[in-house]
Amino acid sequence: MSEFFQQLINGFAFGSILALIALGYTMVYGILRFINFAHGDVFMLGAFAGFYLAPKVATVFPIPSITGGLAVMAISMAICAAIGIVIEKLAYRPLRKRPKLTVLITAIGVSLLIEYTCQNSHVFGASPKSFPTLIPAYPIKLGALSLNSNQLVVLGVTLALLAALRFIVLKTKIGMAMRALAFNPEAAALMGINTDVVISFTFGLGSALAAAAGILFAVNYPSIDPLMGILPGLKAFVAAVLGGIGNLPGAALGGIIIGVTETFVAGYISSTYRDAIAFGILILILLIKPSGLLGKKEIEKV
Amino acid sequence: MNIRHAKTFLFGALALSFLVSLGANYFNSYWLFISYDIGINIILAVSLNLINGYTGQFSLGHAGFMAVGAYTAAVITNQFGELNTFLSGTVFLGALLAGGVLAAVAGLLVGIPTLRLRGDYLAIVTLGFGEIIRVVLQNMNAVGGARGLSVMHGWTNFFWAFSFAAVTVYVVTALVHSTYGRGFIAVRDDEVTASAMGINPTKYKVTAFVIGAFFAGIAGGLYAHSKQFLTPGGFGFMQSISFVVMVILGGMGNTIGVIIAAVLLTLLPEFLRPVAEYRMIIYSLLLIVLMLTRPQGLFSFKKSPAK
Amino acid sequence: MSALLQLDKTTVRFGGLTAVSELDLSIGRSELIGLIGPNGAGKTTVFNLITGVYQPTGGAITFDGQSAANRQPQEIARRGIARTFQNIRLFASMSVFDNVRTAARLHCPRGVRNALWRGSSFRYGEKQIADEVMALLEIFQLGRFRDAEATGLSYGDQRRLEIVRALATKPKLLLLDEPAAGMNATEKTDLMRLIQFIKDKFQISVLLVEHDMQVVMGICERIAVLDYGVKIAEGAPAEIRANPKVVEAYLGN
């Protein structure tokens, strides 16, 4: 029984990371109706940013420590937010009026470009690097459960970020603009909303969350490499679809479901089929309820 | 490409392929193997063009169909290849066709659920199917699992590779340039209107998937008997993307362009050998630049459809 | 004589919105019926309903004696209902000839095997279709554009092409969705003559959705008026013109 709860916590931790990435996908899709293939790579860049930032931050805040860890995460998030905004401006904005397929292929190109550039020996190099300890880790014993404080950190930070996101989306002006844009882009523009600024902000926000996910992932699984974003990125996209693409709580829910399911299947059935689970779930949900668990049905106007 | 005498082309290409293959032993064997790759990539690109280019179904899982064909053909020739050297041609053909048929079945299984999905969703689902096939193969110890499968007979030669390439080009072109085949393009251009004109979009999409998958399976079989070693990882979505790039570069729905693109992209790694480390970076940069400047492909001379 | 198309208390609901409410409509053979109403009244929805794009949430649709509800659009087309669209929807990457050819296939369908084998049956079938398509194009003076890109034609020619394409499916009922949109006075007169010509030459019924009163009053034998999804009047043009409910629907209170 304790194994069950152990796996559950593991699943929640992994699922939280997926949720953070999924939010970025769902926000961008909600507004632009397109899958940002390169989003998973921003997750990777966040982890690497943390890797290179840690020694620099250590000169100001002690590493490992909570302040040090948070500082690294915050700066990482800022850097990746900027990267996300730049990518949008250079690669996606010129194609806004073009068929969706063109942008999709461009996104694939951007993703490949980031991955291969980072693999280059002059950049990060293809071999995995060891992520430094940002936050002191303690084993925690709750009855028969042996947990790691890192897992709780993941859950805690995720909840904090989700709360912050909720505040931004529901209670700020720009959040309202995001929701308006997602609902009806033309009307939003006619109402005087600067669509370019809102879109840039959305990309920045999503990228920041992905960066946070990257750091949290690296804290728990300290081996990072330039291709680490591919599978989590795909799984996070599935999570966004599962929850209902364009739906923020749905993305978070989807992330948790996939994280927990994958962990349980890997733990109790077979770990080699782990990567196929997310895709299996994707196919199931698209067959049964394509609008996702929390999504609404879209009717095509003829 | 409008073929008036399509069958003449086909027989001409088959004959030419046979003649060239007679002199194949005089060619440098390194470039000979590259030429097999060219033939195989032509099959893959042209078959994918039927799905992506002509029917507008953005499939990112073509390598999965290739894998099914490759492993099926390999298993068959590994089992039955020793029977009789005189029958080796028949066994090879049978193995290739079996690979194609199984891949076609996979195409059916992928096509049916994905029918009502839009462009970007379809891309992810097909990518997902490709990954599922890869994971399944990785777990099938009967075919070597992650350690790979050795293919005993390296039977692929110039004739086989290019004959099948000719057949693939014939099938796709003859199909599309008939009144029946206009239906594929109608489904791509405007599915709702197509159905209002009596066209069953579902049937066309599934047909495209099945035929495309069949030839991808054949290409896989040829690939298996050229490289003589298969790993599931070699059929991942990076592979699928490389085929998609060939289709895009050539111009979606432009068979000649796609053939040229397949040839170019097979030879490109050879020419970029001095900067091999930067090859993939250049590749992906080219893809982005292409989409930003000339999305209809390098060799397409028609206006890209406005949507 | 039984009606060709019969809608009995047909209703279409999208979630909480009732787009069409308990519509009774009857179209006989070789009749030219108009369907008018203010914007958003549900006219295109009725078209989509008849052609199988939307399924009715209530009521019945009968065409040529058989139920036409819950059928796929391609099945409806096969049974003999063809349509044009409010925003012209030609197949953008095809030529004029191919646009019509795609529709002409409906009644001589030959499939994959035929196209691949390319025997005499194939050649015969292709020639038959080509002849039919050219004949149709010539009737409407579009023959000389046969190899031009469909979207390269002038606006008026594109509208005509869309009608020709619909006719290639040999329909018994033709639905025209605002064919006069964007036309000047001369073009409208030509269109009116064209529609009546089509009705007489091809012996088909026409259901016309149109905003232009000159066109509607000029050629329709009977007119039905929709407002907020409800039929508020039906009758001959003169009756409709004089009906106060119709005037109110258009001009408001």
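Think of it as A, B and C in the order they're written, each chain with its own count starting at 1.
Convention: a residue touches a chain if its C-beta (ideal position, glycine included) is under 8 Å from a C-beta of that chain, and two chains touch if they have at least 3 such contacts.
Please read all numbers here as calculations on a predicted model, not as lab measurements.
Engineer: Which chain maximises the distance between its CA centroid and that of chain B?
Structural biologist: Computed centres place C farthest from chain B.
Engineer: Taking each chain's centre as the average of its Cα atoms, which is closest to the average over all protein Cα atoms shown?
Structural biologist: B
Engineer: Would you kindly tell me how far, in whole Å, the mean C-alpha position of chain C lies from that of chain B?
Structural biologist: Chain centres of chain B and chain C, defined by C-alpha means, are spaced 41 Å apart.
Engineer: For chain A and chain B, let me know how many angstrom lie between their CA-based centres, rounded off.
Structural biologist: 33
Engineer: Take the average of all CA coordinates in chain A, do the same for chain C, and state the distance between these two points in whole angstrom.
Structural biologist: About 48 Å, centre to centre.
Engineer: Got the chain A residues that touch at least 2 other chains?
Structural biologist: 302
Engineer: Multi-chain contacts in chain B: which residues touch at least two other chains?
Structural biologist: Only 192, 307 qualify.
Engineer: If a residue has to touch 2 or more other chains to count, which residues of chain C qualify?
Structural biologist: 53, 85
Engineer: In the complex of these two chains, what residues of chain B are touching chain C?
Structural biologist: On the chain B side, the touching residues are 6-7, 171, 174-175, 178-183, 185-186, 188-190, 192-201, 207, 211, 253, 302-303, 305-307.
Engineer: Using the touch rule from the top, collect the residues of chain B that touch chain A in their complex.
Structural biologist: 58, 113-114, 116-117, 119-121, 123-125, 127-129, 131-132, 135-136, 138-139, 192, 241, 244, 248, 277-278, 280-281, 283-285, 287-288, 291-292, 295, 307
Engineer: Under the stated contact criterion, what part of chain A meets chain B in this complex?
Structural biologist: Result: residues 33-35, 91, 94-95, 98-106, 108-110, 112-113, 116-117, 119-121, 234, 237-238, 241, 270, 272-273, 275-276, 278-280, 282-283, 286-287, 290, 300, 302 of chain A touch chain B.
Engineer: If you look only at chain C, which of its residues touch chain B in the complex?
Structural biologist: 51-53, 72-74, 77-78, 82-83, 85, 89-94, 98, 101-106, 109-112, 114-116, 118, 122, 125-126, 129, 149, 151, 165-166, 168-169
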